[in-house]
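What follows is one structure encoded as structure tokens, with my remarks underneath.
Think of it as A, B and C in the order they're written, each chain with its own count starting at 1.
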Amino acid sequence: MSVRAAVRAYPALLRTGFAGAVAYRAEFLIWMFSTNMPLVMLAIWSAVAREGPVPGYSQKGFTAYYLCTLLVRMMTGSWVVWELTMEIRQGTLALRLLRPLHPLIAYSAENLAAVPLRGVLAIPLAVVLLATAGRGSLATDPRLWIMFIPAMMGAWLLTFLVMALIGTLSLYLESAVSLFEAWLGLSAVLSGYLVPLDLFPESIARVARVLPFRFLLSYPVEVLLGRLSATQALLLLAAQWGYVAVAFIAVVVVWRAGMKRFGAYGG
Amino acid sequence: MIDVRDLRKHYQVHRRDPGMRAALRSLFHRPTETVRAVDGISFHIDEAERVGFLGPNGAGKTTTLKCLAGLLYPTSGEVSVLGHLPRLRATAFLQSITLVMGQKQQLLWDLPPAETFLLNRAIYDIPQKEYAETLSELTRLLELGPLLGKPTRQLSLGERMKCELAVALLHRPRVLFLDEPTIGLDVSMQATVRTFVREYNERFSATVLLTSHYMDDVTALCPRVIVIDKGRLIYDGALDELVRRVRPDKRVNLRLSRPVERADLARLGRVIEQKDASAILQIGKDQLQAAVAGALASLPLVDLTIEDPPLEEVMRDLFAQETERREALP
Amino acid sequence: MKPRPLHALRVVRALLAASATLAVQYRLEFFGQGALALFWQAVTLVPLWVVFGTRSTISGWTFPEALLVIGWFTALKAFLEGAISPSLMQVIEHVRKGTLDFVLLKPVDAQVLVSFAKVEPWRIIDLFGASAIFIYAFRQLHRAPGLAELCAAFAMLLAALLVLYSIAIVVVSIAFFAVRVDNLMFLFQSIFDAARWPSTIFRGFFAVLFTFVLPLALMTTYPALALLGRLSLRAALGAALGTLLFAALSRVAWRFSMRRYTSASS
């Protein structure tokens, strides 16, 4: 399908995806409540900070950090890896391939369409954030606020593309899901989801700052919290989108090769 | 042996129209409807009988069966199977019955059927000697030899059904509940299942209750049929009597190479449908041979098939007769 | 149906044998999943390690003492994700496929049949990991638990397992009423994640939640306290009583759901 046609079809796909997200709202709510790790970590760090100082983070600082983490996580989450691996395993991917629409574009619309719904729930969260942590915890530089948008987009794209990549790998590997679990584990540690990256020992923090995991979560959070200068943020934005480009190319390559294989085995 | 008296099973269902307003309204007032799945059925079945429950989808056959098996509590009425009240689910009762459901299996999916057999042996507490005897008998009757060691998911639908039958009969139940066992199977496998069930019934004097909406299942297997529709028992008696009573006609489908006159078709039998390249005739069984010979001789045929009229039509006739009969009562 | 305990035990043995046979078939997966389990254990330890990197005592717990809590957490997680969850999720599959009738027709209590339906033996690696954590922690503490402490800890472990199982039964019973709630189990597992922390750290809302609503405190903190010899008799008895109460309630919930399924109450 040509790019022009895909672009024309996209709004319709988004509309359908949104309807689907609304239909599955019960599941979504349950998923939302399952993403409670940041709140638990907040409770822990609050207790720690209450008993004594933690370098770089006050109690309010932790509140701001973890509420932002929750916000970013909610807005950038995807589920394409599960859908893709299941469709490959059950052979229903063949049905998608019959349509004049690239499956990955269809998946992206589906996942993207859920964002507004999550946005609706993100608003009360943002309100809570402002109320508890106060404006002082957030960035003051307007340039950072401008950069927050592409940072979020980059985070969403990177999350989606890596999931799509691993999902596509299940055309080759039986155990692509295990690979994804390994990715999840590493990103839980290295993306700042469990623990702010600056609280790691310096040797580990230095590595974590350049790995792609940071750009899934920690980077947008750092921008929002004003923990980066405008120049730093800009450079890191370039790095983030660099990773996005790499992921994109990887997905295209692996998908093309995978399709040949899929076709050869009759799907 | 099996006694059913005025069995009723009613469900309360909440009806909800689509749309936002109805959804909001449903928070305050939920209209319930009573679905009368089974509405006063009575019959008696003796040991070693083979009985078929016939009726269209949603008639209440499966519900009746489940009440007999103890899977559903009746709303009212009395049910007695082998002297037990099924809903009490006494151990002795459960050891004497079995259920086979078409397209649903109890075989463990990723393991060979042999593993499920072992599991059921423990569940039903079957002594080793008896187990070995039953297993070898079933393996012989169903030709299971090469199938037992392959994982269930690698078996074809028909092979799975054979193994399903075997695993259901390991504990030598006295009553077999078969719920649409041949659905989805190809013609030869359907025949295999029917032959096996009949053999099993004759060898072990097991009572067989079969529900189906395939006339052929019942024709091949059940001398006695119970017809159920809309939860009511419409007919209970010998099968040939039913067929004779209701519709002794056959349907003949013709495919033609060019259009023909309606009169040419009407000469052979009653014309149900006529299009340019095809036609359907309804012909009494006695006139069938002559009509087919006539069609072959006089019509430009591409294809000709003979089949029973659809069951729904047979039933409709049956119900029409029933309604007339009921209305004629004082 | 009259209860027949010996028969039930034989059935459980047969169910476990079936699970084991299945697991042996997927040998490669055994080691792959085992490696993943160890990986997740390492991931679990990271936050604890970072938190105690800032301070040596938090809410009265030192790092080795907190390790004991994580050790129990790991062990319980193994039972939860390796036995309780996969088995009870089968019930939801049965309801969806319409094959629950087969379970109900067997001359065995349905709850027994579904509780042991699927066990993943490679989770035993988690238990080795937990033991390693215990040994390391006690080395750091420069002492070893006495016999009384071990017995108390074992009793608390049994209580914890029973509570975990009961919660799972309640979750599954809900699935009979509302069909699309298999992710309720996922939700529970995510909440259970908070049990890796000593429960005394939590304040306010979380404290209430994790002590009374979902007794995570009971599951991991109490066995740890028992090992350290710091579990009061009152707390232990309270835990035992609470556990039995929970188990009884879950059995009622299960029976209620079963009756509803067979529309006994209509």
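Note that in this section a residue touches a chain if its C-beta (ideal position, glycine included) is under 8 Å from a C-beta of that chain, and two chains touch if they have at least 3 such contacts.
Not measured: the values here are computed from a predicted model.
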Remaining connected clusters, assuming subunit C were absent and nothing shifted: A | B
Chain nearest the overall C-alpha centroid of the shown protein atoms: C
Per Cα centroids, the chain farthest from subunit C: B
Distance from the mean Cα position of subunit C to that of subunit A, given in whole angstrom: 30
Geometric centre distance via CA averages, subunit C-subunit B, whole Å: 44
Length of the line joining the C-alpha centres of subunit A and subunit B, rounded to whole Å: 52
Contact set on subunit B toward subunit C in their complex: 10-12, 66, 69-73, 75, 87, 89-91, 94-95, 97-99, 101, 104-106, 108, 110-111, 115-116, 118-119, 121-125
List of subunit A residues in touch with subunit C within their complex: 26-27, 30-31, 33-37, 40-41, 43-48, 51-52, 54-55, 175, 178, 181-182, 185-186, 188-189, 194-195, 199-201
Contact set on subunit C toward subunit B in their complex: 1-2, 4, 7, 10-11, 13-15, 17-18, 21-22, 25, 97-99, 101-102, 104-108, 113, 262-264, 266
Subunit A contact footprint on subunit C (complex, rising order): 29, 32-33, 36, 39-40, 43, 46-47, 50-51, 53-55, 58-59, 180-181, 183-184, 186-187, 190-191, 193-194, 197, 201-203, 206
